[in-house]
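One structure below.
Chains: A, B, C, D, E and F, in written order; residue numbering restarts at 1 for each.
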Amino acid sequence: MKISARNVLTGKIVDVKKGATTAHVQIDLGGSIITASITNEAVDALKLVSGMTASAVIKASDVMVAVE
Amino acid sequence: MKISARNVLTGKIVDVKKGATTAHVQIDLGGSIITASITNEAVDALKLVSGMTASAVIKASDVMVAVE
Amino acid sequence: MKISARNVLTGKIVDVKKGATTAHVQIDLGGSIITASITNEAVDALKLVSGMTASAVIKASDVMVAVE
Amino acid sequence: MKISARNVLTGKIVDVKKGATTAHVQIDLGGSIITASITNEAVDALKLVSGMTASAVIKASDVMVAVE
Amino acid sequence: MKISARNVLTGKIVDVKKGATTAHVQIDLGGSIITASITNEAVDALKLVSGMTASAVIKASDVMVAVE
Amino acid sequence: MKISARNVLTGKIVDVKKGATTAHVQIDLGGSIITASITNEAVDALKLVSGMTASAVIKASDVMVAVE
(Lines give C-alpha, C1' and ligand atoms only; values in the text may rest on other atoms or scores of the structure.)
Protein backbone atom coordinates (compact mmCIF):
# COMPACT_ATOMS: atom_id res chain seq x y z
CA MET A 1 0.00 0.00 0.00
CA LYS A 2 1.22 3.50 -0.87
CA ILE A 3 -0.33 6.38 1.06
CA SER A 4 -0.73 10.10 0.35
CA ALA A 5 0.62 11.09 3.79
CA ARG A 6 3.91 12.83 3.04
CA ASN A 7 5.70 12.03 6.27
CA VAL A 8 6.91 8.52 7.09
CA LEU A 9 9.63 8.43 9.76
CA THR A 10 11.04 5.00 10.53
CA GLY A 11 12.55 3.83 13.81
CA LYS A 12 12.14 1.28 16.57
CA ILE A 13 9.24 0.99 19.02
CA VAL A 14 10.46 1.62 22.57
CA ASP A 15 7.19 1.68 24.49
CA VAL A 16 3.59 0.55 24.08
CA LYS A 17 1.14 1.58 26.78
CA LYS A 18 -2.49 0.56 26.41
CA GLY A 19 -5.18 2.50 28.25
CA ALA A 20 -8.89 1.74 28.48
CA THR A 21 -9.48 2.48 24.77
CA THR A 22 -6.48 4.57 23.65
CA ALA A 23 -2.83 3.45 23.50
CA HIS A 24 0.39 5.45 23.37
CA VAL A 25 3.21 4.10 21.23
CA GLN A 26 6.68 5.61 21.33
CA ILE A 27 9.07 5.23 18.39
CA ASP A 28 12.77 6.06 18.67
CA LEU A 29 13.78 7.78 15.43
CA GLY A 30 17.47 7.58 16.22
CA GLY A 31 17.75 10.08 19.01
CA SER A 32 14.39 11.80 19.12
CA ILE A 33 11.28 9.98 20.34
CA ILE A 34 7.90 10.39 18.65
CA THR A 35 4.66 9.55 20.48
CA ALA A 36 1.58 8.24 18.66
CA SER A 37 -1.85 8.10 20.27
CA ILE A 38 -3.79 5.31 18.53
CA THR A 39 -6.58 2.85 19.35
CA ASN A 40 -5.92 -0.29 21.39
CA GLU A 41 -7.45 -2.17 18.45
CA ALA A 42 -4.69 -0.90 16.15
CA VAL A 43 -2.04 -2.06 18.62
CA ASP A 44 -3.57 -5.52 18.57
CA ALA A 45 -4.13 -5.64 14.80
CA LEU A 46 -0.52 -4.65 14.03
CA LYS A 47 0.87 -6.68 16.99
CA LEU A 48 2.92 -3.67 18.10
CA VAL A 49 5.53 -4.44 20.76
CA SER A 50 8.75 -2.84 21.93
CA GLY A 51 11.72 -3.64 19.73
CA MET A 52 9.79 -3.75 16.45
CA THR A 53 10.77 -1.62 13.49
CA ALA A 54 7.89 0.75 12.79
CA SER A 55 7.16 4.07 11.11
CA ALA A 56 5.38 7.18 12.34
CA VAL A 57 3.06 8.34 9.55
CA ILE A 58 1.84 11.95 9.61
CA LYS A 59 -0.34 13.86 7.14
CA ALA A 60 1.31 17.17 6.11
CA SER A 61 -1.76 19.14 7.19
CA ASP A 62 -1.23 17.88 10.76
CA VAL A 63 2.30 19.32 11.03
CA MET A 64 2.82 22.78 12.53
CA VAL A 65 6.02 24.84 12.42
CA ALA A 66 7.56 26.59 15.43
CA VAL A 67 10.51 28.94 15.73
CA GLU A 68 12.27 30.43 18.73
CA MET B 1 5.32 29.20 25.57
CA LYS B 2 5.13 25.50 26.43
CA ILE B 3 2.67 23.38 24.46
CA SER B 4 0.91 20.08 25.14
CA ALA B 5 1.88 18.63 21.74
CA ARG B 6 4.27 15.79 22.55
CA ASN B 7 6.29 15.86 19.36
CA VAL B 8 8.75 18.65 18.58
CA LEU B 9 11.35 17.71 15.98
CA THR B 10 13.95 20.37 15.25
CA GLY B 11 15.86 20.90 12.01
CA LYS B 12 16.49 23.40 9.26
CA ILE B 13 13.97 24.74 6.74
CA VAL B 14 14.94 23.68 3.21
CA ASP B 15 11.92 24.83 1.23
CA VAL B 16 8.99 27.24 1.56
CA LYS B 17 6.40 27.18 -1.20
CA LYS B 18 3.40 29.48 -0.91
CA GLY B 19 0.22 28.67 -2.82
CA ALA B 20 -2.94 30.75 -3.13
CA THR B 21 -3.83 30.30 0.57
CA THR B 22 -1.85 27.25 1.74
CA ALA B 23 1.94 26.93 1.99
CA HIS B 24 4.18 23.88 2.17
CA VAL B 25 7.26 24.10 4.39
CA GLN B 26 9.93 21.41 4.35
CA ILE B 27 12.23 20.88 7.33
CA ASP B 28 15.35 18.72 7.13
CA LEU B 29 15.57 16.75 10.38
CA GLY B 30 19.08 15.54 9.68
CA GLY B 31 18.47 13.13 6.87
CA SER B 32 14.72 12.79 6.71
CA ILE B 33 12.54 15.62 5.42
CA ILE B 34 9.22 16.52 7.03
CA THR B 35 6.55 18.49 5.14
CA ALA B 36 4.15 20.86 6.90
CA SER B 37 1.06 22.27 5.22
CA ILE B 38 0.26 25.58 6.93
CA THR B 39 -1.40 28.90 6.04
CA ASN B 40 0.42 31.57 4.03
CA GLU B 41 -0.37 33.89 6.95
CA ALA B 42 1.66 31.71 9.31
CA VAL B 43 4.62 31.76 6.90
CA ASP B 44 4.48 35.56 6.93
CA ALA B 45 3.92 35.90 10.69
CA LEU B 46 6.88 33.65 11.53
CA LYS B 47 8.99 34.99 8.62
CA LEU B 48 9.81 31.43 7.54
CA VAL B 49 12.57 31.16 4.94
CA SER B 50 15.00 28.46 3.83
CA GLY B 51 18.00 28.11 6.10
CA MET B 52 16.17 28.96 9.36
CA THR B 53 16.23 26.62 12.32
CA ALA B 54 12.66 25.49 12.95
CA SER B 55 10.72 22.69 14.59
CA ALA B 56 7.94 20.47 13.31
CA VAL B 57 5.28 20.26 16.04
CA ILE B 58 2.81 17.36 15.94
CA LYS B 59 0.04 16.40 18.37
CA ALA B 60 0.30 12.72 19.41
CA SER B 61 -3.26 12.03 18.26
CA ASP B 62 -2.22 12.99 14.70
CA VAL B 63 0.52 10.34 14.50
CA MET B 64 -0.24 6.94 13.00
CA VAL B 65 1.95 3.84 13.16
CA ALA B 66 2.79 1.62 10.17
CA VAL B 67 4.68 -1.67 9.93
CA GLU B 68 5.81 -3.72 6.96
CA MET C 1 2.56 -1.66 4.70
CA LYS C 2 -0.06 -2.06 7.40
CA ILE C 3 -1.26 1.12 9.13
CA SER C 4 -2.86 1.84 12.50
CA ALA C 5 -5.62 3.97 10.94
CA ARG C 6 -8.80 1.98 11.54
CA ASN C 7 -10.79 3.21 8.56
CA VAL C 8 -9.94 2.17 5.01
CA LEU C 9 -12.82 2.62 2.56
CA THR C 10 -12.14 1.45 -0.98
CA GLY C 11 -13.71 2.77 -4.17
CA LYS C 12 -12.90 4.42 -7.47
CA ILE C 13 -11.44 7.88 -8.02
CA VAL C 14 -13.95 10.09 -9.85
CA ASP C 15 -12.22 13.46 -9.70
CA VAL C 16 -8.75 14.90 -9.10
CA LYS C 17 -8.48 18.69 -8.91
CA LYS C 18 -5.09 20.20 -8.25
CA GLY C 19 -4.85 23.72 -6.81
CA ALA C 20 -1.74 25.83 -6.24
CA THR C 21 -0.47 23.51 -3.47
CA THR C 22 -3.51 21.50 -2.30
CA ALA C 23 -5.49 18.97 -4.33
CA HIS C 24 -8.99 17.57 -3.85
CA VAL C 25 -9.54 13.93 -4.72
CA GLN C 26 -13.02 12.42 -4.82
CA ILE C 27 -13.55 8.69 -4.36
CA ASP C 28 -16.87 7.00 -5.14
CA LEU C 29 -17.48 4.41 -2.44
CA GLY C 30 -20.38 2.82 -4.29
CA GLY C 31 -23.00 5.51 -3.97
CA SER C 32 -21.53 8.00 -1.54
CA ILE C 33 -18.60 10.23 -2.52
CA ILE C 34 -15.75 10.99 -0.12
CA THR C 35 -13.50 14.03 -0.62
CA ALA C 36 -9.84 14.05 0.42
CA SER C 37 -7.77 17.22 0.63
CA ILE C 38 -4.13 16.23 0.09
CA THR C 39 -0.95 17.79 -1.28
CA ASN C 40 -0.30 18.10 -5.02
CA GLU C 41 2.93 16.20 -4.34
CA ALA C 42 0.95 13.20 -3.08
CA VAL C 43 -1.21 13.23 -6.21
CA ASP C 44 1.95 13.12 -8.33
CA ALA C 45 3.74 10.51 -6.19
CA LEU C 46 0.76 8.12 -6.27
CA LYS C 47 -0.12 9.04 -9.88
CA LEU C 48 -3.76 9.52 -8.90
CA VAL C 49 -6.17 9.86 -11.83
CA SER C 50 -9.89 9.35 -12.34
CA GLY C 51 -10.86 5.72 -12.80
CA MET C 52 -8.22 4.28 -10.44
CA THR C 53 -9.16 2.04 -7.56
CA ALA C 54 -8.14 3.81 -4.36
CA SER C 55 -8.94 3.88 -0.65
CA ALA C 56 -9.84 6.71 1.68
CA VAL C 57 -7.82 6.22 4.88
CA ILE C 58 -9.03 7.97 8.05
CA LYS C 59 -7.67 7.86 11.61
CA ALA C 60 -10.43 7.04 14.13
CA SER C 61 -9.68 10.20 16.12
CA ASP C 62 -10.59 12.28 13.05
CA VAL C 63 -14.12 10.86 12.79
CA MET C 64 -17.03 12.66 14.45
CA VAL C 65 -20.54 11.32 14.97
CA ALA C 66 -23.73 13.23 14.17
CA VAL C 67 -27.37 12.40 14.79
CA GLU C 68 -30.59 14.12 13.73
CA MET D 1 -27.09 23.05 11.47
CA LYS D 2 -25.12 22.77 8.24
CA ILE D 3 -21.39 22.08 8.53
CA SER D 4 -18.42 22.69 6.24
CA ALA D 5 -17.13 19.12 6.64
CA ARG D 6 -17.54 17.59 3.19
CA ASN D 7 -17.96 13.97 4.26
CA VAL D 8 -21.12 12.75 5.98
CA LEU D 9 -21.61 8.99 5.75
CA THR D 10 -24.82 7.68 7.29
CA GLY D 11 -25.39 4.23 8.78
CA LYS D 12 -26.37 2.46 11.97
CA ILE D 13 -24.41 2.34 15.22
CA VAL D 14 -23.29 -1.22 15.96
CA ASP D 15 -21.02 -0.69 18.97
CA VAL D 16 -20.35 1.93 21.65
CA LYS D 17 -17.44 1.29 23.99
CA LYS D 18 -16.65 3.88 26.64
CA GLY D 19 -13.16 4.04 28.14
CA ALA D 20 -11.94 6.20 31.01
CA THR D 21 -12.29 9.42 28.97
CA THR D 22 -12.41 8.33 25.32
CA ALA D 23 -15.11 6.24 23.62
CA HIS D 24 -15.07 4.24 20.40
CA VAL D 25 -18.24 4.22 18.31
CA GLN D 26 -18.65 1.91 15.34
CA ILE D 27 -21.08 2.73 12.53
CA ASP D 28 -22.08 0.18 9.90
CA LEU D 29 -22.24 1.99 6.56
CA GLY D 30 -23.92 -0.91 4.80
CA GLY D 31 -21.08 -3.38 4.66
CA SER D 32 -18.05 -1.44 5.79
CA ILE D 33 -17.63 -0.39 9.42
CA ILE D 34 -16.24 3.03 10.38
CA THR D 35 -14.76 3.65 13.84
CA ALA D 36 -14.94 7.05 15.55
CA SER D 37 -12.89 7.94 18.61
CA ILE D 38 -14.80 10.63 20.52
CA THR D 39 -15.19 11.82 24.11
CA ASN D 40 -17.38 9.98 26.62
CA GLU D 41 -19.14 13.33 27.10
CA ALA D 42 -20.19 13.34 23.43
CA VAL D 43 -21.58 9.81 23.76
CA ASP D 44 -23.68 10.97 26.71
CA ALA D 45 -24.75 14.27 25.13
CA LEU D 46 -25.94 12.58 21.93
CA LYS D 47 -27.27 9.51 23.79
CA LEU D 48 -25.46 7.22 21.36
CA VAL D 49 -26.45 3.55 21.59
CA SER D 50 -26.29 0.55 19.28
CA GLY D 51 -29.09 0.46 16.75
CA MET D 52 -29.35 4.25 16.28
CA THR D 53 -29.08 5.84 12.87
CA ALA D 54 -26.00 8.07 12.91
CA SER D 55 -23.51 9.67 10.55
CA ALA D 56 -19.74 9.67 10.49
CA VAL D 57 -18.61 13.25 9.78
CA ILE D 58 -15.07 13.79 8.45
CA LYS D 59 -13.30 16.99 7.38
CA ALA D 60 -11.74 16.60 3.90
CA SER D 61 -8.31 17.58 5.23
CA ASP D 62 -8.39 14.51 7.51
CA VAL D 63 -8.83 12.05 4.64
CA MET D 64 -5.78 10.38 3.08
CA VAL D 65 -5.67 8.37 -0.14
CA ALA D 66 -3.99 4.98 -0.53
CA VAL D 67 -3.39 2.81 -3.56
CA GLU D 68 -2.01 -0.71 -3.95
CA MET E 1 -28.12 17.80 13.35
CA LYS E 2 -26.26 17.34 16.62
CA ILE E 3 -22.54 16.60 16.43
CA SER E 4 -20.08 14.93 18.78
CA ALA E 5 -17.53 17.76 18.43
CA ARG E 6 -17.41 19.36 21.89
CA ASN E 7 -16.45 22.88 20.81
CA VAL E 8 -18.89 25.17 19.02
CA LEU E 9 -17.94 28.84 19.27
CA THR E 10 -20.40 31.26 17.66
CA GLY E 11 -19.63 34.67 16.19
CA LYS E 12 -19.79 36.65 12.98
CA ILE E 13 -17.85 36.01 9.76
CA VAL E 14 -15.49 38.92 9.06
CA ASP E 15 -13.51 37.56 6.11
CA VAL E 16 -13.81 34.88 3.44
CA LYS E 17 -10.81 34.38 1.16
CA LYS E 18 -10.98 31.66 -1.48
CA GLY E 19 -7.76 30.22 -2.90
CA ALA E 20 -7.35 27.75 -5.76
CA THR E 21 -8.93 24.90 -3.75
CA THR E 22 -8.72 25.97 -0.08
CA ALA E 23 -10.49 28.92 1.56
CA HIS E 24 -9.78 30.77 4.80
CA VAL E 25 -12.78 31.97 6.81
CA GLN E 26 -12.36 34.29 9.79
CA ILE E 27 -14.98 34.43 12.53
CA ASP E 28 -15.02 37.19 15.16
CA LEU E 29 -15.92 35.57 18.48
CA GLY E 30 -16.43 38.90 20.22
CA GLY E 31 -12.88 40.13 20.43
CA SER E 32 -10.77 37.21 19.36
CA ILE E 33 -10.69 36.06 15.73
CA ILE E 34 -10.64 32.37 14.78
CA THR E 35 -9.42 31.23 11.36
CA ALA E 36 -10.82 28.13 9.63
CA SER E 37 -9.17 26.54 6.62
CA ILE E 38 -11.90 24.73 4.66
CA THR E 39 -12.61 23.75 1.04
CA ASN E 40 -13.91 26.27 -1.51
CA GLU E 41 -16.77 23.82 -2.03
CA ALA E 42 -17.84 24.21 1.60
CA VAL E 43 -17.82 28.00 1.26
CA ASP E 44 -20.13 27.68 -1.74
CA ALA E 45 -22.38 25.02 -0.20
CA LEU E 46 -22.93 27.05 2.98
CA LYS E 47 -22.98 30.40 1.09
CA LEU E 48 -20.50 31.86 3.58
CA VAL E 49 -20.06 35.63 3.33
CA SER E 50 -18.85 38.36 5.66
CA GLY E 51 -21.49 39.50 8.13
CA MET E 52 -23.14 36.08 8.57
CA THR E 53 -23.55 34.53 12.00
CA ALA E 54 -21.52 31.30 12.03
CA SER E 55 -19.86 28.90 14.43
CA ALA E 56 -16.36 27.50 14.57
CA VAL E 57 -16.64 23.77 15.29
CA ILE E 58 -13.60 21.95 16.69
CA LYS E 59 -13.16 18.32 17.79
CA ALA E 60 -11.66 18.12 21.31
CA SER E 61 -8.80 15.93 20.05
CA ASP E 62 -7.70 18.80 17.78
CA VAL E 63 -7.24 21.27 20.66
CA MET E 64 -3.83 21.69 22.29
CA VAL E 65 -3.06 23.53 25.53
CA ALA E 66 -0.24 26.04 25.97
CA VAL E 67 1.05 27.86 29.03
CA GLU E 68 3.63 30.60 29.44
CA MET F 1 8.45 29.77 20.92
CA LYS F 2 6.21 31.09 18.15
CA ILE F 3 3.95 28.57 16.39
CA SER F 4 2.27 28.49 12.98
CA ALA F 5 -1.11 27.56 14.47
CA ARG F 6 -3.31 30.58 13.80
CA ASN F 7 -5.70 30.19 16.73
CA VAL F 8 -4.60 30.86 20.30
CA LEU F 9 -7.51 31.52 22.68
CA THR F 10 -6.52 32.36 26.25
CA GLY F 11 -8.53 31.75 29.40
CA LYS F 12 -8.46 29.92 32.71
CA ILE F 13 -8.41 26.16 33.28
CA VAL F 14 -11.59 25.07 35.05
CA ASP F 15 -11.25 21.28 34.91
CA VAL F 16 -8.55 18.66 34.40
CA LYS F 17 -9.69 15.04 34.19
CA LYS F 18 -7.08 12.36 33.59
CA GLY F 19 -8.14 9.00 32.16
CA ALA F 20 -6.03 5.88 31.64
CA THR F 21 -3.91 7.54 28.91
CA THR F 22 -5.96 10.53 27.68
CA ALA F 23 -6.91 13.64 29.68
CA HIS F 24 -9.62 16.23 29.12
CA VAL F 25 -8.80 19.83 29.99
CA GLN F 26 -11.47 22.52 30.02
CA ILE F 27 -10.57 26.18 29.57
CA ASP F 28 -13.05 28.98 30.28
CA LEU F 29 -12.60 31.60 27.56
CA GLY F 30 -14.75 34.16 29.36
CA GLY F 31 -18.15 32.62 28.97
CA SER F 32 -17.67 29.77 26.56
CA ILE F 33 -15.81 26.62 27.60
CA ILE F 34 -13.38 24.84 25.27
CA THR F 35 -12.44 21.19 25.80
CA ALA F 36 -9.02 19.81 24.85
CA SER F 37 -8.27 16.09 24.67
CA ILE F 38 -4.52 15.66 25.29
CA THR F 39 -2.19 13.03 26.74
CA ASN F 40 -1.80 12.52 30.48
CA GLU F 41 1.93 13.08 29.89
CA ALA F 42 1.24 16.59 28.61
CA VAL F 43 -0.86 17.38 31.69
CA ASP F 44 2.07 16.32 33.87
CA ALA F 45 4.74 18.06 31.77
CA LEU F 46 2.88 21.39 31.81
CA LYS F 47 1.63 20.89 35.41
CA LEU F 48 -1.90 21.78 34.33
CA VAL F 49 -4.33 22.38 37.20
CA SER F 50 -7.61 24.25 37.62
CA GLY F 51 -7.17 27.97 38.09
CA MET F 52 -4.13 28.31 35.79
CA THR F 53 -4.10 30.74 32.90
CA ALA F 54 -3.75 28.70 29.70
CA SER F 55 -4.43 28.92 25.99
CA ALA F 56 -6.26 26.62 23.62
CA VAL F 57 -4.15 26.31 20.47
CA ILE F 58 -5.84 25.12 17.26
CA LYS F 59 -4.46 24.70 13.73
CA ALA F 60 -6.66 26.48 11.17
CA SER F 61 -7.09 23.26 9.16
CA ASP F 62 -8.78 21.67 12.21
CA VAL F 63 -11.52 24.31 12.39
CA MET F 64 -14.86 23.69 10.65
CA VAL F 65 -17.60 26.24 10.06
CA ALA F 66 -21.29 25.66 10.79
CA VAL F 67 -24.36 27.77 10.09
CA GLU F 68 -28.02 27.38 11.05
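Please note the rule applied: contacts are C-beta pairs under 8 Å (C-beta built on N, C-alpha and C of every residue); 3 or more make two chains touch, one makes a residue touch a chain.
These numbers were taken from a predicted model, which means no experiment stands behind them.
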Discussion item. Between the options B-F, E-F or B-E, which interface matches B-C on more than half of its contact pairs by residue number?
Written reply: B-E
Response to the item:
Overlaying subunit A on subunit D by their Cα positions calls for a rotation, in degrees to the nearest 5, of 120
Response to the item:
Taking shared numbers over all numbers used, above half giving same and below half different, the subunit A and subunit F interface sides are different
Worksheet item: Where the centres are mean C-alpha positions, what is the separation of subunit C from subunit F, in Å?
Response: 29
Worksheet item: How big is the gap, in whole Å, between where the Cα atoms of subunit C centre and where those of subunit E centre?
Response: 22
Worksheet entry | Separation of subunit C from subunit D, taking each centre as the mean of its C-alpha atoms, in whole Å | 17
Worksheet entry | Touching two or more other chains - residues of subunit F | 1-6, 19-22, 24, 35-39, 41-42, 46, 48, 55, 57, 59-62, 64-68
Worksheet entry | Chain pairs that touch, as defined at the top of this document | A-B, A-C, A-D, A-F, B-C, B-E, B-F, C-D, C-E, D-E, D-F, E-F
Discussion item. Please output the residues of subunit A touching subunit F within their complex, sorted ascending.
Written reply: 17-24, 35, 37, 61-62, 64-68
Worksheet item: Can you list the residues on subunit C that touch subunit B in the complex?
Response: 1-5, 19-22, 39, 41, 59, 61
Worksheet, complete the sentence: Listed in rising order, subunit B residues that touch subunit F in their complex are 1-6, 36-39, 41-43, 45-46, 48, 55, 57, 59-61
Worksheet item: Residues of subunit D touching subunit C in their complex?
Response: 5-9, 13, 24-25, 27, 29, 32, 34-38, 42, 46, 48, 52-68
